[in-house]
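Could you have a look at this structure, given as structure tokens, before my questions?
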Amino acid sequence: MTTAAEPSAAGTGTDSLAVTDLTVHYGGVCAVRSVALSVAPGESMGIIGSNGAGKTSTLKALMGLVPRSSGRITLGDTDLSKVRARDMVRHGVGYVPEGRHVFPGLSVEKNLLLGAYCRSWKGETRDTLAHVYDLFPILRDFRGRAAGDLSGGQQQMLAIGRALMSRPRLLLLDEPSMGLSPKLIENVLDILVRLRSEGLGLLLVEQNAKLTFGVTSHCLVMENGSVAMSGTSEELAHDERVRQIYLGL
Amino acid sequence: MQVTLQTLVGGLSLGAIYALIAVGFSVVYRTMGLVNFAHADVAMIGAYAASTFYLTTHVSFVLAIIISIVVTGIIGLVIERVLRPLENKDFDLMLIGTIGFGTVLQAAATLIWGTTGRAMPSPISSGPLDIMGIRIRTYDLMVIAVTAACVVLLTLFLQRTKPGAAMQAVAMDHEAATAVGIHVGRSNALAFAIGAGIAALAGGLAGPMLYVDATLGSALGVKGFAAAMLGGFGSIPGAVVGGLAIGVLDSYAGDHFQGYSVLVTFLVFTVAIMIRPTGIFGERTVSRA
Amino acid sequence: MSILTSKPALILLGCVAAYLLPYGLNSYSMHVVDIAIIFALLAIGMGLVMGVAGQINLAQVAFFGVGAYTTAILTTHSGFGFWTAAIVGLAATVLVGLLVGLPALRMQSHYLGIVTLGLALGFVNWITNAEITGGADGISGIPVPPFFGIDLADEYLYYYLEIVVFGLALAFGTFVVRTRLGRRLRAMRDDALAAGAMGAEIPLLRMTAFMLASVYGGAAGILYAGLIRYVAPETFSLGNMFLLLAMVIIGGRRSLIGCVVGAVGLVLIREALVDFAVYAQLGYGIVVVLMVVFAPTGLAGIPRRVREAVGRRRKNDDVRSAELGPYLPGPAPAAQVPESGADSGPALEISHLTKRFGALTALDDVTLTVRQGEIRGIVGPNGSGKTTLFNVISGLYRPSAGQVSGVGRDISRARPYQLSLAGMARTFQNLRLFSQMTVRENILVVLDRSRTSTVWQYAVWPVGVLSNEHRLQAEADRVLKEYGLTAFADAHPQSLPYGIQRRIEIARAMAGRPSLLLLDEPAAGLNGEEVGQLSSIVRSIRDQGVTVVLIEHNMGLVMSLCERITVLAAGSVIAEGSPAEVAATPEVIEAYLGDSAPADIPVHAAPEVP
């Protein structure tokens, strides 16, 4: 495989992500309108909003999984605007898709190893694997099992673990709480807090506002494809408009 | 009893060919969701190419088959490239498109090799073995052995190697595969080349068993597809079991119904597939409505 | 544009041309034309089953063979008269058609392709080997069909017999396509799942499609037997099957005229290139591949594609510039609709409903009751099982445990079409409009409340179909007007803005005059103004006596519109009550905001708690 840009050790978080003027059209519909955001080194950022607000589209456009109508993306000194989706991981961007999207027919361990597709499967990758297993002991227990046979919560852990296997500098997460029970959501929250404390940059798209506020330092609130509000998570957690958008009061 | 066993052995060797066709077909299907109706015509080209090199340039049988695998691999890549816009979008159109390709390949074969066809001598000269009163042609044994080796190698490739794992990942979720850095297009092309190569192997092996002409494809194809379906579309073990089942069914039908063997085979197949549309090893649902 | 009488001048011209054609042909050309007409008949049948109904049928050439061989066998072996044999032949073909169609009940697309191809191969194998079919030599000596003293051995005169049959067959095919059966077939082709939910009986429709194809195949076979008076396996080979497929694809499988053009064109080209048969095969193979990739709707579809391409460039296209009309509430509530909450039973009652997919439990012991005439909101985070709940209610999924009753009975195991005909209607989260049909046709599919089994009318009393058609068209005008869609009646849904497509979905659901309406995220993708319109439409629908259940993420809409709200989370009901009650429930705040402690976020006290 190509050895483009050997990623730096996980969690140095010395590079900031900057996105300007990100716009996405599906057919004639504008799904994301001129979104700008920046994640400073070692910081983490949340995007919240109701269904259809354009959160997932924003993340997918960032990843290059949907075509962008416009937008400039940089991570540190690297311009990622023209980088293909499959090469994002080589520049240190890990992605946890909405709805988990593990490879259902492959074993847990094979799923994790595929997360390290761009690295050699020997040597250091073994250490990363051990690290991921330490983070999610349940995955170690089930490593021979087909990923499709795991419960929703376990699949979520696998999806996060798979993304960590590439030793990313920045982790994009799309609704890790989706379909999980409150107890499992608590679990995911703990893990994200731990990753953050290890210095990994996070960009988290969520419907669950508390989870997001608990993990991130800054948040955007999206509505109809645009950024409606932004601020520190602390401020937004006490803002009444957030509540209105959510509960429609 | 001996007659029955004799039929079984005959069915297994032909079944091994169907199994190879089905395996090649399944590799392509499971990776990119492309239903390649021209697959068997690719096998026919493989058979012609192998026999041509074997008979005219007097290279060894193995080398002849390797050359034909390369030739068909290229044809496979062309088919994939042309029909790529339809992949994972419109199954019906893709199916018709590959039927069109099949027609083109048949016409091309007729133009290159003429309409008369050819019989290919068996590359193994030793006489049939006699085991407990059952006569087994050594070539049949070789076909079964080569098929087994091919399936084992393919399984090892898919399970033990990185490109193999990547190929399976692409089959299961191409977006997630992209996100972990897999080049989906390259992986698909590799799958298609492997599928076409296995088709050529099947065609080359079938050469000495069947008469090689432009219609060899349709003869092998429909039964190969039926085998893939009976085993469960996209499943490698399913393709093997389905192939052997169709081969044995064919062989028994040939013994008991002579001229109507094809009709009987397909009636039994249709009933079987209606009872279990997902096939023996099939997991995917067929149609919800 | 009314049925069959469209462009009467063109039809008249066609008749005159068809009448005069033999005068300009030598006997060989006449023979070629006779063959071309037979292939055209076959192609119409193929177009009906594949293009109109969307069923892959690679056994059409076997239907052709059954018709021809039955006629041949009965006239030469059993001493039947030609026309008696022909009638038996047609019946035999229909029977075979229904048998070949049976697998379509269980599988679709490429699966169906392989099965039908296998059966066709089996048929060729049988006629090549059976004694009664004369083996590879075939059957010769089929008598000339007697016809009121006209000598049909003369290919010029036979042409007139063929052209009359062909004309009737084309007219009947067009009649089917443009009336209610054809609309249901096309709806099934575009989206079988949605068609089922709109009242189409999918299994019966699939069998009907194969029956139609076999009638055309059988008729072509009989005419072939009468023309050539000799049948042999080669005519019914897979090679000819693929040629037939090429005709339909090149001509345009969705247009019967296209199929005819493709058939006649390829037969003529094949004759012209008879000395270069292999090159011809190479040529049509390549053309099929190119067509499939670049012009999937064939020659017949090219005018529309050109029109659309031009329309896209022109900014002020009629349809695009047209405004969505205002919603004009329909007639006053019908008398039989019970007063809301009166002594009648609930509109929908779900008790202890559980739905599992493998190891995943999507719905866990859900119980809820919706009163008659209520607007009920169902909310919950993504993945909480809302759409699964709708799919179970509307019969797309069978419950793993528990009961659902509605529209006056237990519907736990009812099929979607039964529920639709019984008065349940739904919309889909990601819009399942029939994309290859106009807006008017989308509405017409649902307006037609007849059982599919009434297709016998087409064979026995087409006038009944026609008079019913006038009634349906008038009603369609009313529905289009009511929902402000008149300006878009003849447009295809995909070409319209998203907001209008959403409106069409509601209009289509309401066209069936349901008593229970399920709306799955009706406001998704709508702008503020459109959400306001939606709100008044839903209220007005309720005022007509219809019970409405809606899934929605737009909480503003849900809170203002719904009388009661049920909250789902992780497959279970976590709260139910009035909007204000629900919004104050800690579990709901937890599920939505992830926080149950009101201290974190100042609670905006619900103002008008009763």
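Labels for the chains are A, B and C, by order of writing; each one numbers its residues from 1.
FYI, a residue touches a chain if its C-beta (ideal position, glycine included) is under 8 Å from a C-beta of that chain, and two chains touch if they have at least 3 such contacts.
What you see is a predicted model; the values in this text were computed from it and never measured.
Least step count on the touch graph, chain A to chain B: 1. Comparing mean CA positions across the assembly, the chain most remote from chain C is A. Nearest to the overall CA centre, using the mean of each chain's CA atoms, is chain C. Here the spacing of chain A and chain B, counted between their Cα centres, is 42 Å. Chain centres here are Cα means. That of chain B falls 35 Å from that of chain C.
If you average the CA atoms of chain A and of chain C, the two centres end up 41 Å from each other.
Not a single residue in chain C touches at least two other chains. Every residue of chain C that touches chain B in the complex is listed here, in rising order: 54, 56, 102-103, 105-111, 113-115, 117-119, 121-126, 128-130, 192-193, 195-196, 202, 238, 242, 245-246, 249, 278-279, 281-282, 284-289, 292-293, 296, 396. Partner chain B is touched in their complex by these residues of chain A: 1, 63, 65, 85-90, 95, 97, 101-106, 110, 113-115, 117-118, 121, 162-163, 166. Taken together, the chain B residues at the contact with chain C in this complex read 35, 37, 82-83, 85-86, 90-97, 99-104, 106-108, 110-111, 218, 222, 225-226, 229, 233, 258-267, 269-270, 273-274, 277, 286-289. For chain B in complex with chain A, the residues that touch the partner chain are 162, 165-166, 168-169, 172-173, 175-184. Taken in their complex, chain C has these residues touching chain A: 359-360, 381-384, 497-498, 521, 524-525, 527, 553-560, 569-570, 583, 588-595, 600-602, 604, 606.
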